[in-house]
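I've put the structures underneath this note.
The following pair of complexes shares a single chain, chain A, combined with chain B in the former and chain C in the latter.
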Partner chain A sequence: MPTRAEFASWLAGAGAFIRTGPFIIHARTPIAHAIEGITTLYDGYPVTPAEPFADFHVALAASGGLRRFVRRQVDFEFDGEKPYRPLPLDQALPMFEWGLNAVIGGTAHQFLIVHAAVVARDGFAAILPAQSGSGKSTLCAALVNRGWRLLSDELTLFSVETGAIHPLARPMNLKNESIEVIRNFVPGAVLSRPTHDTVKGTVALLKAPAESVARAQETARPAWIVSPLWQRGALCELTPKSRADTMIELGQNAFNYSVHGRRGFHLLADAVERCACFDLRYSVLDEAVTAFAALEIPAAARAA
Partner chain B sequence: MSDPRTLLVEALRKPASIPTMPLATLDTLVRQARRTNLLAKLAYRLDDQGLLDKVPAQPRAHFIAAQIYADKHRRDVHFEIRCLERALAAFPKVVLLKGAAYAAADLLAARGRVFSDIDIMVPKARIEEAEISLRNHGWTAGAVNDYDQRYYRTWMHQIPPLSHFRRETVIDVHHTIVPETARTPVGADTLFDAAIKLPNSPNMHVLAPADMVLHSAVHLFDGGEFDIGPRDLSDMHDLFTHFGAQTGFWDALWRRAQKTGLTRSLFLAVHFTRGLLGTEMPSSLLAELEGYRRAHPALAILMPLMARGVQPPHRSAEGGMTGLARWLLYVRGHYQRMPLRLLVPHLVRKAIMARLPEPAEEKA
Partner chain C sequence: MGTSWRAAFPLERRELDGETVAYCDATGDTLKLAPIARAVLDVLSRAPADLQALSAAAAEALAADEEAIEPAVADTVEDLESLGIVERVSL
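And then the complex of A and B:
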């Protein structure tokens, strides 16, 4: 395992090769605060200074153009191309995470990718599809610090071949009030420095638990689909949801459902068929965590 | 380790060499192929020869992902062509061009070919009527400023691209295959006359084989945009290979090139597909083109530039002069398409616009 100083020098030089779940990311950046953020969040991951093959070659670079004289900006480069609009320079770290999500969502079609958090217990996965602002990352961050294993807070990767869910075990994206909520909920939480005034407000990234990172090659079988909704003052309520509604919600939240055509339909339908499906309304994290702890493994999920 | 400058063409030429390449070489190959939109094409070449499973797991995942995407793309293109067929039912002859044509005619060149726009050709006299029909069926012109409107409508061989309001598919409507202002204008009538109707459609056509090849050639060599050079060369290789087996194709091709004034494009297409991809050509055509080369000594300057231009636009394959070569080819491409009195102001304007900061936030 490299020291953080070594990791930092690789990022600033020819690049560090970071393994996260099925992917090896080759990342480079000369931007000091991005280096600090990346080495904080990815410390403890399998990181090397060289690999013969990387899935994604990415870089964060201070952008050129006349605008640099007005306001410093950062570009996310995917193998030398700049597929996204630049962001203010101090948003380099969130951009690294968003850029990686976009690159994975846009190219890794060996997976059916649903925009959902996913956590696992004893090899069985709970999928949390939800619109942004519903508190799914917060709930995910809470669960993975109370006995669940983090697969991802953002991208649920279904293998097209086996239907199993592959972990990414990357940092979790916390926004606004939830940053403080998780700081209080998780003693000793490792968080990046908050970035203010992003399109999502203030953002901080929470480091994935070490055990989740260590087990990032262990896939899980879908067992529960729980759509969370945080509501101020709401009593914790877990209500069964129809499979049809669940299927539609997963499809709408998928990055590349249409790419997979008929096969994608069958893959999702099969997953929904085996899962117990719920809506979850909550306001207090501890109550939601208790509700999750009480989930029983459906017989159909075991049979898969 | 193989030379990164020839890696991609070697892989296209000999897919059987891919599974045994060292991982580091495969890393470069996947990156070059992604950049040039050839990842799915390579995946199909491997799959067709039963070699995909022999590729190491990491790069194989990228080939499989590209193949899955290309399958989706093929479904979408066929759907879109059916929509166009209905939208343009009043037009007895709509000619599909390039990628859409290869897909509709189910040519080898379509296998694993992913593209962004569907190109069609309708008679110039009815182009406004076509635009109205397409608008009535949901395709709308995006935010195009007055300058670009004038650029397209006065000088080019197409109207500004139309995009479907819901599916966001983009249609380029052309009335011929080279701009109005080009040095070698091509009469659209001869193209329409020779076009071939698709058996499963009432009005959709594709260009005759010779015209299809010449269009691909003039698009690459006079278009000035070499980013997709390797992809276009691979198209031409597939077209040459497919149509070359038909009797009379090669004679028709040479005659057609002379008639349309596209002999130089044909010369370059043959030179580069043969040289880089090993495309088989009959000696009669090669003899004609050798005569053409001797009569045109200026080709000696152009060809080394073109050779740089058709390199994959990836840093692994670029030498110190590649950027300059690409820029010269870009300017030359414009020069082929319009006279200097139009070209100079146009390029100056483009250069200035590209360096200005973007407007605050464009309205969608």
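And then the complex of A and C:
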């Protein structure tokens, strides 16, 4: 593993090659606070100064538009293009993560990709599809600090060949009150400095657990699909959900379903058939974690 | 001559615990089919049919009264037509 100083110098120069899950990301930026954030959050990942191949070539660069005279901005570059509108310069680090999510979701068609957090235990995965603001990432962050392995807090990568889920253990995106909730829930949590006034409010990125990063090549079999919803004051309630409704929800949350067509439809249906499906309403993280601990592995998932 | 309909294209279907989900190639949408829609599409995937034949088939599939179910079948056909899943034909 490189030192943080080496990692930082590569990012600031010709770029660092970061291996995360099935991908190699070639990243570079001259922006000091982005370098500090990336080297903090990706410290411990396999990082090198050169590779013969990278899946994604990305960069963060100070924007050259006229707005730079009013408020400095940052561009996310992907393969030399700028696919997104620039953001204020202080949002460079969240933009790096959001931009990566978008380019992976939009281009990694060797996977069927669903917008859902996913965690694993004993080789079996729990998929958490949910809308923004449902508490998905907060719950994911809590679970991976209570015995579950982080596969991803944002992108569930189904192998089109086998239906297995590939890990993509990257930093977890916490918003607003969740930042303090997780600071208290996970003593010693490594978090980026909060970034204020983003489109999602105040955001901070939580470093993935080292064990999840180390086991980044271990796939997991789908076993549970749990749609979480945080509601202030709600009693923790895990309610069985129809597989058909779960299938519709997964389809609506898929990034590249239409790319895979019928094959994607049957792949998702196969996964749903093997999983136990639930809605989870909760307000207290410990109660939700306890509910997850009690999940039994469905026989169909074991047999798959 | 009455109106008849036919399936605009074949749908991929899966049964999940007695409920039906279908994938529409033309739009990329996944749909959950109500029992009446499933009965209607079962008929129209084989051959064009009019409202009377569809109501008879739906009544049999759902163990319902044919006359009573006909308005629901008509609504379902209208919905499926608006989604482009079935289309009118001239016989």
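One rule holds in what follows: the second predicted complex is superposed on the first by the 304 of 304 C-alpha atoms of A that agree within 3 Å, B and C clash if a C-alpha of one lies under 4 Å from a C-alpha of the other, contacts with A are read in each partner's own complex, and residues count from 1 in each chain.
Methods note: a contact is a pair of C-beta atoms (placed from the backbone, for glycine too) under 8 Å apart; a residue touches a chain by one contact, two chains touch by 3 or more.
The structure displayed is predicted, hence computed values, not measured ones.
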Touched partner set for A:Gly80, first chain B, second chain C, both or neither: first
Chain B versus chain C as contact partner of A:Val272, first or second or both or neither: second
Partner chain(s) touched by A:Ser258 [first = chain B, second = chain C, both, neither]: both
Chain B versus chain C as contact partner of A:Ala244, first or second or both or neither: second
First (chain B), second (chain C), both or neither touched by A:Pro52: first
Shared contact residues on chain A - chain B and chain C: 258, 261
Residues of chain B touching chain A in the complex: 22-24, 26-27, 31, 34-35, 56, 58-59, 61-62, 64-66, 68-69, 71-72, 75, 314-315, 355-358
Residues on chain A engaged by chain C in the complex (per definition of touch): 242-245, 247-248, 251-252, 257-258, 261-262, 265-266, 269, 272-273
Residue ranges of chain C touching chain A (in the complex, touch as defined): 12, 14, 16-17, 19-21, 23, 25, 28-32
Chain B-touching residues of chain A, taken from the complex the two chains share: 22, 24, 52-55, 57, 65-67, 70, 79-81, 107-110, 160, 258-261
